[in-house]
């Protein structure tokens, strides 16, 4: 990867860093654990966020809707994932599962975007607006899951005119095949750069900014 | 007005019914009071909401961003109104001014849309999505202010493909000239119907649904 | 699949039925041919469009930007696919490759949506608006390619509040693995129904409408 | 007005410079003429475009849908203006009225945005995307009409996160009261700057860029 990132124009989008995904007691952790462990997900998320802050990139938290009583109940056609959330109460508001993992807490002044109802952090939220009011043109999309919220957020980012970077090992999925689909089959058709945590850190740290 | 409203396809959008706008101690009440009193704003808002519920129309609450510490501070270019909110702390979260007026409280199951940062209740929120998941194609836009949030929400609604109704006396503005501009100069160019509370009630109550 | 399709609320979105994709002399046909032949793509597209018209579903044509001189030249960051289009002149305006395949011509009154610059037929076009002005809430997304324009259009449709149906064999991709990713890995997370041409035809023809 | 305009970040949006609005034989010219003459509209539009090009600002053409046979015929609810277009065939494709005025022709490389169906040049078009791919954060909105397409385009620009400038005498309307509403009543609530052609030219020419 040869792109450098101008810190005044680049943001890290940290998608859905909930305990339900990232903590041992999380409702979805058992489904994520095999891939997360293989890629060293938590170490890499910590490293990207730390390096981003160090390089003065803006970090935005991009959270999924925290489930609450009544959600989806009178919708005309919730999708399959939304029906699962409705049953499982994933990311339930007021529970630990619906809080951000202790290692991924917004620092002073970091933006927390409106919650998204489905997969894209841009859809039905203020993410595009927040990026514009902060002068951002390049986004690095990390978090969960590689083929759902990360991919939809990243596809939207490209459609909306942003430069998009994916980080192979700063995300996870329920199956290795989904990681492969996200990074080898689909990502190369829309993303501007696909790198690794180590590759990204070299760019952020080596004065190329 | 001859249009009838199919209750399964019609919603009332109640925009910014905050104490800061509608209550005697509200920060903006002194600016709104002359027009609000002249048109009997509170009586008419109560009447439209009641008639809407009676006719089984869906009511959606469309709230402005409640100000909180830090809002707008690092934005590249807040607009003039946002700079005023930044100084005045209008609709401050955790204060009475940032609560809905006691007569305009969401009933069980009524949707509260994501907060909007500027004038349009559609921009950077889930309003369009919520309307789609509830099968809504026609919106009746009431609340504050006629020439800012009501007009921008209504203009957006039309651009997004909705049928739009304005209600002359279920809104208010800082000056009578702004009411005139909203309903006589601009509204007729984009809105599908412009009526009064009495006119709307006749349609909702007279079995035309 | 048990869903029925109300013809007054359902549309077929026919994405990118260009000669460059579908005709033997098309620039991308050699890349599409293996999968297209295996799934009988052209027969199935013809069958879905014919059955849709027969059932009085609305058919919308959702075309990619036809390349013309100067496209992408001064963009800040075209994506990898856009750079390929820039070199290959894919779907070039004024050439046969940039015309719809002879078997997929808009009938009288059928809508041709604004051209899309990337993968989603909704992004930066009037597709959402056209669907609203025609009362559509359910979309059946067919055409090319399964993991790029079809998937992004379908993901967007879901985010925007539509009910989404994919048809496994009324699309194609450059590799079988991309078909698998689209229909077995990603589709089930966001689409409301995934069917086959035969399955869809049974629903459309058997009076379930 | 004290804002300066960075030419790499600023664009002029020239909205609807059609012969039907601006030429003596235009269908709407008789309605526009009184105000247009009073503010020296054509001279001012020529001056802003020339000064913008001189200062290396990007000029984007933002055209209304050119009417063609069948437009609006099967829509569920065209708005009042759209029904007038349907009758009058305003900006008809293939006629002189639907061509840009001879003095306002795109120069080599200048972007012509997708046509808009209603009042906002952003709604259902690629305008936001084009601005992003060209690094634009500040827009100067000129053309026709002050209280319809200019106002809706400018309101949308603000909602989408752009810095917005209005130019009082580089636009017109059917009545002086509509000009007053646009620039004295509504504009100050959302626009970041409201200036005149002379004021804008001083900023663009005096090395403040």
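Chains here go by letter, A, B, C and D, matching the order in which they are written, and residues are numbered from 1 within each.
Going forward, contacts are C-beta pairs under 8 Å (C-beta built on N, C-alpha and C of every residue); 3 or more make two chains touch, one makes a residue touch a chain.
Everything quoted here is computed from the prediction, not taken from an experiment.
Visitor: Removing subunit A only, and moving nothing else, give me the connected sets of chains.
Guide: Taking subunit A away leaves a single connected set, one piece.
Visitor: When contacts are scored as defined above, which chain pair ends up with more C-beta pairs, B-D or A-D?
Guide: B-D
Visitor: Cα superposition of subunit C onto subunit D: how big is the rotation, rounded to the nearest 5°?
Guide: 180
Visitor: Using only Cα atoms to place each chain's centre, name the chain farthest from subunit A.
Guide: Most remote chain from subunit A, centroid-wise, comes out as D.
Visitor: Find the geometric centre of each of subunit C and subunit D from their Cα atoms only, then give the gap between the two centres in Å, rounded to an integer.
Guide: 34
Visitor: Please tell me the distance, in whole Å, between the geometric centres of subunit B and subunit D computed from their C-alpha atoms.
Guide: 28
Visitor: Please compute the C-alpha centroid of subunit A, do the same for subunit D, then give the distance between them in whole Å.
Guide: Subunit A and subunit D have C-alpha centres separated by 38 Å.
Visitor: What residues in subunit A touch two or more of the other chains?
Guide: If we look for residues of subunit A contacting two or more partner chains, we find 76-77, 123-124, 128-129, 132-133, 135, 137, 159-160.
Visitor: Chains as vertices, touching pairs as edges: which of line, ring, star, complete or other describes this one?
Guide: Topology of touching chains reads as complete, every chain touching all others.
Visitor: Taking the complex as given, what residues does subunit D use to touch subunit B?
Guide: 76-77, 79-81, 118-120, 123-124, 137, 147-148, 151-152, 155-156, 158-160, 163-164, 175, 177-178, 181, 185-186, 188-192
Visitor: Which of the residues in subunit B come into contact with subunit A in the complex?
Guide: On the subunit B side, the touching residues are 70, 73-78, 109, 114-115, 117, 123-126, 128-129, 132-135.
Visitor: How about subunit A: which of its residues touch subunit D in the complex?
Guide: 128-129, 131-133, 135, 137, 159-162
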